[in-house]
Structure formats: C-alpha cells, structure tokens
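Heads up, there are several structures right after this.
Each of the next two complexes has chain A plus one more chain, namely chain B in the first and chain C in the second.
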Partner chain A sequence: MRVSTEQFTELAGQGVEKARARPSLKMVPHFLYQKREAGLATLPDAAAAQACGAAIRSEALSRLPDLLEEFEKNAIANGAKVFWARTAEEASEYIVKLAKERGAKYVIKGKSMVTEEIGLNGCLSEHGIEPWEGDLGEFIIQMLRCPPFHIIAPAINIAVETIRDLFMARADMKEPTVDPVELGWAARLFLREKFHRAEFGVTGLNMAVAETGTIINLENEGNIRFAKSSPRTQVSVMTLEKVLPTMKDALHVMRLLSRNCSGQKISAYVSMDSGPKKDGEIDGPEELVIVIVDNGRSRIYQDPRAREALRCIRCAACLNICPVYRQIGGYAYGWVYSGPMGQVLMPLLLGLDKTQELYRACTLCGACKSVCPAGIDHPSLMLYYRSLDVSADIPAAHRFGGKKRPWKEALFFKAWSTAVERFWMWNSGISMVRPLMNRGSHRGVIRRMKGAFSGWFRKRDFPAMAKETFHERWEKIRNIW
Partner chain B sequence: MGKDPEHLVKGRILLSARNEILERLKAAPKKEIPVRPFMPPLKEVALGRDELADRFAEMFTAETGIVYRAKNNDHALETLTGIVKREGLKSVMVSTDEVLAPLNLPAWGIKIDVKVMSPGDFKGRDDFKDAVFDGVGAGITGVDFAVAESGTLGLIHDRDQARLISLAPILHIAIVPVERIVPVYESVVASVFEKEPFPSQFVFITGPSMTGDIRGHLFKGMHGPRRVIVILVG
Partner chain C sequence: MKEVSMFIPCTVDLFLPHIGEAMVSLLQRAGANPVYHRGQTCCGQPALNSGYRKEAKKAAKHFIELFGNDEAVVAPSGSCVGMVKHHYPELLGDEPDWFRRAAELAPRVYELSQYLVDVLRVSDVGAIFQGKVAYHESCHVLRGLGVSTQPKALISAVKGTKLVSMDQDDFCCGFGGEFANHHPDISEAMVQDKVRNYLDSGADLLILCEPGCLLNIGGYLSRHHPEKRVMHLASFLAQAGREER
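What follows is the complex of A and B.
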C-alpha cells in the first residue's frame, strides 16, 4: 500500500470537496457515535467501565514483555506455533513462504488492519498467490484498489452505483441493482465459494490472552469464523501490544470494544482459539500459526510517553467524534490508519518527518480523548510530537525521526518567545507592529494580509489592534480616579 | 499436515528475532501498574432462573433472533417439526452434542421425511464441507451456554460440535435448555477455561451474521446465517 501521509493537506482538501458533494458521508460517523452512546448506557456505570478499560490497557503495556512470554508459552502448550517478526517484510515474507509450502493457490482473509500495515496482499500477489478479502467492505476496496476510508467500515464512502458497476463488470450479478442487500448477496455468493474451497486462512486478532494462550476475534459478518474453520492452515497475525493479562480482562475489553465501535453489546461473532483443531474434529485448522509483529513497536516502547499510543484497541470511536475526520474522511491520512488513532500511531511508525502535517491537523479539542476506552490522551501526544519535531536535536526526537521546521518559522518563534518574555520589548514591539497590522483594516476588522500570515485570512478575519494597549489606557483611567 | 517450514525450526533466525524484540522491551523504562477502579456488577447477575430465561429471550429477539418455548424434549421436537415444515427444509446438518443426543434427530428425520446428516456421515473434511456449504437448508446445534446479558449463544467446538454447522447454512436452529442460561460472559468463560486442554475454539454467537459495509445499510445474512432460531426447552 502506498504511503501518502506527506500529502495530507492536499488530500484533506480533496476530501472536503468530496464530502460537500455527498452529504450522506457525514452521517455515518454521527450515526455510529449515537449508537455508541446508547450502547454504553447499557452498562451500570459507563464511566467506571471506560476507566477500567484504560487501566487494563495500561497494565498490559506495563507488563508487556512478561505477558508476551506467558502468552507464547501457553499458546505453544495449546499446540499453536508462534513466529516473531521484527519488520513488516519479515512477517509478509514468512506468510508467503508458508503459503507456498502448503501449496495454497489463494488465501482467504478475515478483516484485519495489521495485514494491511505489513502489506501482505501485495506480497502475496507478487508471488502468484491470490489474496481474497472476506469482509464485504475490504472486498469492495480491494477490487476498487482504494485505501480504507474508515478503520471499521473501509468502504462506507463508496457509492452504491460504483459497487453496482463493479459487480456487473466482475459478473457477480446478472441484473444491475443499487439495493445494498442484493449487492451484499452477490458478494456473499462469490466469496462463499472462496470460503468453501479455502486451504489457507489469514486473520488478524483483537486480543491475545496471556493466561490461556488464547486468541480472540470480534466480527459481525462471519468472514473471520470461515477463515478459521474451513482452511487446513490458519495464520493469525498480531502486533505485539495486543496481549492482555487474563480472560476476565479480555471479556471487559470485548464489552467496551463492541460498544465503542458500533454500539452493540457484543458483536455478532466472538471466536476464541486455543490451538489448532483436536483429533476427531472434522473442521478447523490442522495447524495454527500466530505471527507476532513488532514493526517498530519495541522502539516506540522505549519512550514512556509515546508508548501510550500502543494502548489503542481499534474501536474507531475517536474517528467518529473527530471534527477533522468528519470533514475530510479517511483518505487524507494517507495510510492504513485514520482519525486521531492514526494521527498518534502513524507518526511513530513512519517517522515524525514524514507525518508533520498529521499531528498538526488537530485543534486539540479533546473529543477523541473523551471517548477513548483505552485512556489515550491524543491531544497531549500530538503536542509531544510537535515539540519533538521542532527540537530535532534531542535524543527522543532522533528515535522518531523528527525534522526541524523551516528556518523562517523557527526564527519567527525564536523572536516571538524572546519578545513575549520581556515587557519592554513587547511594548515597543506592539507600537512598531500596530501601524503595519492595521494598515489594511476596515471598521476595526482586518480581512486580508500579505506574506506569511495570508493563510489565516483565507476563511477568517482578525480584529484590528486597539489604538492603545491596556497599560496605556490604565494609566489614563487611574489618573481620572 | 506438512513439514514445518525452516523458519519455524528453533534456529538462529527465529530465536534472534524473538530475543531481540523481548530484550528491547525488557530494557525499556518501567511504568507503574495502575489500580483498577471499582465497577458495579451487571444487573443480570441478580436474576433467578425464570427471569434469566426471559432476559435471554428478550435480548436474543432484539438481535432479530426468533425464540420458541418448549416444555420438554418431545415438545421441542414438535416445534422443530413445525419449523422444518414451514421452511420447507429437505435436509439439515446436525451436531452430535449432548443437548441434541437425547432428541435422537436421525430417527426424527426418518419419521418426518427430512434428510438428517451429521459430520460422522462423511469421509472427511472436504465431503463434509461440500454438504454443509451446499447441501443443507439449515444447521441444527445444541449449545453449551446461553448468556442472558446480551442474548448470546456459547458453543464449545469439539468432535461433537463442528464449527461450520452454525455458520455455513443460511438458517441456524439452536436448542437451548433453560438450565444452560447463565447471567454474564464471566460465568461461561470461568467454566470453559477452568482446566486444560482448552477447547480448540469457543464461540459467542449473537444473532445472525450481519453487515453495514455498504453505506451503513444494516442487513442480516452476510456470510453466515440470515436467521437464527432458538428453541428454549424447560
């Protein structure tokens, strides 16, 4: 998948234009957000439940190396195999190699984000093994070669007419229709054959339980259950922060994930695997391979502040509430992840220098933080990245590839901080700048300005500077009294 | 089952990646483990037998599930006959779990002229898959648990409970003895994971398969069953 996080501003502009042309785009995040509210209201104390989710994720991160070892030990005791991959390439190449050795003609996939992160589909195709996405949304964007628009509803923005034309061109349907149910049925019939004949299944996972060595998937469609039931080989890919201490913790996170994601009390299917099928079982995988992917996370883990981004459970509540996401949609973020969770995760994975616009495209309103069931403080992380990025010479910034700002901007802020810290400089500066500022003002409002600040005035104005400062006025008033 | 790929052999490549990652994680600065806040229990915990059954039925119906009540096994079979006739089913795939065993479904099938198949009738995985994907109008299973909290079925997959029976056919019919209804997920998981070996797979099923992936338009029956029917016995 092509990474285009550096074109954020340009893509965001295109996103806004498209959203205007198609107002229904804006309804989906609102709808999901309202369902979330109703879902959380079914808990006796939603705030305590969210806080408990945050505590669980925090504990899981604090104990991460121990929990991973415990999980590995128990998963192997259950009969699973565990493969560790340092990088995306190591993970993809291993899965391709395994698929080749098993003689797989194609791979059936359950919806997963980590396999998009490691670029598995491209790698499989290059080696002549067809990947088939089993999730309806993923299937549609795979055929259209689009990136995901939303982390849980990747094709939510695609018009029914586009899907109709796609399915007609692919000969999935005989008669054209724009009925979502009939379109879904056409996809069902095609993918059913793929599920039926599958010999090699690949899924992600939502949780890995250290205590029992169990992996857990939540889904609504059944694509993941098929990928874990029909093939002889099952590969489940996880990033290393997915591990949780106990089954009890997993159940709580399951309650929170379903509610925060779609407002459901529980998703239609939750499947928990402890090893491959046992003797005498007619379906289920003969071998279960769990791939633990690092891909930069053990480096992120070195920084106790940045580490907090790894708490994420991928519920998408932050996308649905984010005023920026609601305007620009998911394409602008330029890679697998989008919305606030993408803005805090992708700078660490790709480098602060390649994502400079991502963590600056935030008003710090804190809506994301207020809904996060894992207790991530997105705004303060984005401020942290901004501070690392401008001071690229400190060690933490080196770790995440910070890049200094343009020299003009750096010089301006250097001058600014010098001036605002010294009252005499501030006062004389004000009296010097005032006539320049107010030159283009009309009835006390500045509507445009040339130079570095022109961007501000594209959509906004600015009050003209008062003739006197507060101190100057105060001197006069005090004399009257 | 094939030979292990060489990456999986405990060779240098495998160990170095694993150890490298773990060592890096262990060398990182430590952080404190926070105290878990108090959480009030779910109200289902306090429900009695009949209330649990009502709650389960209410929640299951909310997910478009259909619930029939039966007094005993004979009544359950009558209900099942009614469903099969109404749906015009010619053949069904059934589990051999301990809930269904006393119902003797193969004998029932002969009596009402419906072809009743179970995984044991097939030579192997591929034949079974052909039948369960394309040859039956419904899958019939018992359940190990039902959870009142959300109207959820809990199935332990083992040699008597094949995975695809509750997944591949367009209709899933589950027989649920009332005494198997528990208040919350914790009651289930405590007993499923009480001792090893753990089941190869355990599933929670809440209503039919569904999707909203096309413009947020929700509909049932994406890849799995379009309808789930429960016969509550007792």
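What follows is the complex of A and C.
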C-alpha cells in the first residue's frame, strides 16, 4: 500500500470537503460511539474493567520477549508451525512461497489489519496468486483498490450505489439493487464458492495466549472462522504485541474489545485454535502456520515510553470519538491505520520524519485517552514525538528519526524561554509587540493578518491586544476593590 | 480571610484582561483575599505542546519559584492548571529536587470554579441573569481536571438563568493552540460544528472556563454570528453580579 502520510494536510482538507458533501460520514463514528457507551454500561464497573485491561496490556508488553517464547513453545507443542519475520517483506515473501509450495491458485483471507500493513495482497498478486478478501468491507475496498477508511469498518464511506455497480460488474450480481440485505447476499454467494474450494487461508488474529499456545479471533461475519477452518493450510499472521500471558487475561481483553469496538457483549463469532486438526477430529486445517511479524516492533519495545503505543487492541473506540477523525475520515492518515491509534503507532513504524503532521494535527483534547481500554495516553505520546523533533540529542530521536522544526520557530522559543523567566523582559517584549499586533485592528478586533497567522484569520477574528494588560491594570484594580 | 494567589494565563493577561478582573471580584465576593505576583509570565504550555521541553522547563521552574510557597493558586483556565498540576512533575522528573517542589505544589493549584465550589464552598455568588445558558465542557477542564459539576452549579445558582443542554457539549471546539492556525481546514470544521450545536441549543449565551476555547469560538462568532455571545464563566458571574448591584 502506498504511504502518503506526508500529504496529511492536503488529504485532510479533501476529507473535510467530502464530509461536508455527505453528512452521513460523520454519523457512522457517532453511531458506533453510542453503541460503545451502551455496551460498557452492561459491565458492573466499566471504569474498573477498563483499568484492568490497561494493566493486562501493560504487563504483557513488559514481559514481551518471555511471553513470545512461551507462546512459540506451546504453539509448536500443539502442532502449529511458527515463522518469525523481521520485516513486512520477509513475512509476505514467506507466505507467497508457502502458498506456491502448497499449489494454491488463490488465497482466501479473513479481515486483518496486519496483512494490510505488510502489503500481502499486492505481493500475492505479483506472484500470480489471487487474494480474495472474505470480509464484506474488505471485499469491497479490495475491488475498488481503496485503503481502509476505518480500521473496523473499512468500506463504511462507500456509497451504496457504488457498491451496487461494483457487484453488478465484478461479483456476478443478477439484478441491480441498493437493498443492503440483497447486496450482502450477492457477496455471500460469490464468496461462498471461494471458501468451498479454498486450499489456503490467511487471517490475522486478535490475541495469542502464551500459556496455552492458542490463537483467538473475534469477528461478526464468519469469514475469519471460515478462512481458518475450511482450507487445508491456514496461516495466521500476528505482530509481536498480540501475545497475552494467560487465557484469563485473554477473556478479559475479549470483554473489552467487543464492547469498545461495537458495543456488543461478545462478537458474533469467536474462534480459538490450539494447533491444526488432530487425529480423530473431523474438521480444521491440516496445517497451521503462525507468522510472527516484527516490522519495527522490537525497536519500539526498546523505548519504554514509546512502548505504550503497542498496547493497542484495535477496538477503534479512539477513532469514533476523535473530533479530528470525525471531520476528515480515514484516508488523510495516509496508510493502514487511522485516528489516534494511527497517529501514535504509524510514526514509530514509518519514522517521525515521514509522519510529523500526524502527531502535530491534534488538539490534545484527550477524548481518545478517555475511552482507551488499553490505557494508552495518546496526547502524551504525541507530545513525546513532538519533543523528539526538537531535541535531536535524545537517543530515542535517533531511533525514530525526528524531523527538524523550522528555524524561525526554534528561534522564537529560544527568545521566549529567555523572557519567560525574566518578567521585566517579558513585559517589555509585550509592549514592543502590541503596536505591531494591533496595527490592523478596528474597535478592539483584528479581522485579518497576513503571514504566519493567516490560518487563524481565514474564518475567525481575534481580539486586539489590550491597551493595558492585566499586569498593568493590577495596581488600579487593587484600589477599586 | 483566605489568601489566594491568582495565576493569570498569558492569553488572559494580553487579550482578555477583563476575565482577570472578574476573577478578582468573584474571589473577593466569595470571601477570599486575592493576591497577584507581579513576576508571573507564562506557564509554558505553548513550548511543551510544540515539543520544546527544555524551554518549557524554564517556565516551570520560574513558576515554581514564584508560586511554590502559596497556600492556594487559582487560574481561570483548565489547560494552564493542568500544565502545572500534571505536566510540571513529569517535565521535571529527572531533577529530584525540582520534581519534589512540583509535586508538592500540584495539589494546591485550582481552576477557578473548582476553587469557588470545592474549597470556598460557594456556588451562589448572588448574581442575576434572565435567560438561557449553554455550557461548553472544555477538554482540559473536563477531561484534564475532571471539573464539570462545579461550573454548572455556579451557573445554576444564578437567579433567572436556565442551563440548557447542548449536543456534543464535551466535544473539542478545535482550538488546540498552534493547531487552529496550522490546520485551519480541520479546526474551522470543528468550530463550525460547535457553533451549530450552540445555535441549535436555543441558548442566549454560551459559557465556558477556558480562554483558548473563548478565543476560538468567540473569534468564529465575531465573524459569522456577531449577535451571539460566548463568555468566560468568571465574566458571566461577575457581570451578572454587577447588574444586580
């Protein structure tokens, strides 16, 4: 998938325009957010449950190397094969090679973000193996060649008429219709055939349990379960941070994931697999291969501060509540992930130099942090990345590659910090700036300003600087009261 | 009389000094004795938010030197209070002596409505205003400090005032300091939504406790809906009080 994180500002502007043209775009995250509220209300103490989720994720990450080894050992004991991939390319190439060796003509896929991240579909197609997405939303965006608009609802922005035309042209639909049930049925008929004849399935996973070697998937459409059980060979792709210590931990994260994601107490399908089909069992894959992808995570793990970003369980609650995401939608973020979770994760995966706008385009409103079931403090992480742009002398700045700030800004803050601890200098600075600032003001209001602050004045006014600051008025005030 | 040290945010000092004056009047009416350290400058938020930690640290140390011995420090801003309460200890975490001073100061710093209601136990300041009022839950007041019931109690106690509900009252208005200037497309869309919700609420007046939101929402109203008003809680309570007298 093409990375366009550096075009954030331009793409965000387009996103705002699109949302203005189709107000329904803003409704979807709000609808999911309301479902979440109702879902959390079914817990006796939602705040405690969320805090427990944060503790589980935090602990799991602090023991990551040990847990991964334990998981590998137990998964192998269950009969699974484990492949460690350092990079996205290594993971994709391994899966392609395996598919070729198994003689697969096509691959059936369950919805997964990690296979988007490693660019698996592109790699399979290049080698003549057709990937078929089994999730309705992914199926639609795959045919449209669009990136996911939302991490759990990838095609939520696509107009139903577009889907109708697409299915008529590409999915053997007989009669044109915009009825969602009919459209769903058409996709189902088309994909059912692919599932039946599947030799090779690829899915992601939500949790890997270290103590049992079990992999767990949550979903609502059944495509993942199908892709995990129907083919002869099944590949489950996971990133390092998916591992959890115990089944008890996994069950708690499951309660939180369903509720925070869609407001459900439990998703329609939950599949737990401990190894491939065993002797005497009637179904399941003959071969289960677990691909564990690093793709930059072990580097993130080295930094105890940045590590927090890896706690994410991909519930998308932060997208749905984010006031910026609601205005611009998912495309502006420029790669696989979007919303606050994308803003804190993608800079670490792609490098700060390519993603600076992502962690600066935030008002630090803290809504994301307030809903996160993994206890991620997104605003603080973004402040941390911003500081790495400025202080190139911190080791972490080398690790993640900060991008230098404009020299004018650096100079401004240098002068600012000199004055901030000397009030006489601060106040004389104010007296000097006042006439410049108020030059174009009228009746105490500034209506336009060119140059560095023009962004503000496109649609907003600003009060003129007061003739007397509070500081200057203080002596008089004291006498009045 | 309880002595309370006023911390005037630089936005208030430079552009909205009437909020500072209103705070003086309110504190006095509530039975406190407000004092003002003339050496105060800025809490350092702009530097921290732009990534300039070293520079923000200087502001933090200056602030702690100045306010460190005060029994109570009060500011008419959630984000500036949050900066001192939450970010100073984090910012100074690698300097044990400064960290201790920051951590000791933190619990003594209050947002204005929080200080009036929780510490002075005053919710009725004796003000009168005939009309409907909506309240904007500023991010750093609500999520940063957990302050929400206090300003609402103060508004509800004003005679003749009806506090009406506003859709998405806890959504960010799109200010975010630098953000508003650097990402005008997104910021304008956010403030437009905020103003739409204000207009739809049927309120005569929008009240808030954060100077940043006031500049943003007020700046948009001034351009597009000059007949509609937004006010800081302190100005509202002080003005409604004066009208009574």
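We adopt the following convention: the second predicted complex is superposed on the first by the 470 of 481 C-alpha atoms of A that agree within 3 Å, B and C clash if a C-alpha of one lies under 4 Å from a C-alpha of the other, contacts with A are read in each partner's own complex, and residues count from 1 in each chain.
Methods note: a contact is a pair of C-beta atoms (placed from the backbone, for glycine too) under 8 Å apart; a residue touches a chain by one contact, two chains touch by 3 or more.
Here the structure is a predicted model, which means the values were calculated and not measured.
Student: Please tell me, clash or fit, for chain B and chain C sharing chain A in the overlay.
Tutor: With chain A aligned, chain B clears chain C, so fit.
Student: Comparing chain C with chain B, which touches more residues belonging to chain A?
Tutor: B
Student: Scan A:Arg439 for contacts with chain B and chain C and give back first, second, both or neither.
Tutor: neither
Student: Based on the superposed arrangement, let me know which partner A:Asp461 touches: chain B (first), chain C (second), both, or neither?
Tutor: Only chain C is touched by A:Asp461; chain B is not.
Student: So, A:Arg448: does it touch chain B (first), chain C (second), both, or neither?
Tutor: In the superposition, A:Arg448 contacts neither chain B nor chain C.
Student: Would you check which partner chain A:Ser417 touches, where first means chain B only, second means chain C only, and both and neither mean what they say?
Tutor: A:Ser417 contacts chain C only, not chain B.
Student: Which partner chains sit in contact with A:Gln327 here, chain B, chain C, both or neither? Use first/second/both/neither.
Tutor: Touch partner of A:Gln327: chain C, not chain B.
Student: Considering only C-alpha centres, what angle arises at chain A between the directions to chain B and chain C, nearest 10 degrees?
Tutor: 120
Student: Note down the smallest distance between any C-alpha of chain B and any C-alpha of chain C in the overlay, whole angstrom.
Tutor: 16
Student: Once the complexes are superposed, what residues of chain A are shared between the chain B interface and the chain C interface?
Tutor: none
Student: For the complex, which residues does chain C have touching chain A?
Tutor: 8, 12-17, 20-21, 24-25, 28, 36, 38-42, 44, 46-55, 58-59, 61-62, 90, 139-140, 143-144, 170-172, 174-191, 193, 215-216, 218-220, 222-224
Student: Within the complex, which stretch of chain A touches chain B?
Tutor: So the residues of chain A in touch with chain B come to 24, 27-28, 31, 43-45, 48-49, 51-52, 54-56, 58-59, 61-65, 68-69, 77-78, 81, 83-86, 90, 94, 97-98, 101-102, 134-137, 140, 153-156, 158-160, 163, 180-181, 183-185, 188, 191-192, 195-196, 212, 214, 220-223, 225-226, 228-230, 232, 240, 247-248, 251, 254-255, 262, 264-284, 286-287, 289, 292, 294, 298-299, 301-302, 304, 307.
Student: Would you mind writing out the residues of chain A in touch with chain C in their complex?
Tutor: Residues in contact with chain C: 9, 12-13, 16, 19-20, 323-324, 327-328, 360-367, 369-370, 380, 383, 385-391, 405, 409, 413-414, 416-417, 419-421, 423, 426, 430, 445, 447, 452-453, 455-456, 458-466, 468-471, 473-474, 477, 481.
Student: List the residues on chain B that touch chain A in their complex, please.
Tutor: So the residues of chain B in touch with chain A come to 1-5, 7-8, 14, 17-18, 20-22, 24-43, 59, 63, 119, 122, 124-125, 128-130, 133-134, 149-150, 152, 157-159, 162-164, 167-168, 185-186, 189, 193, 196-217, 219, 221-224.
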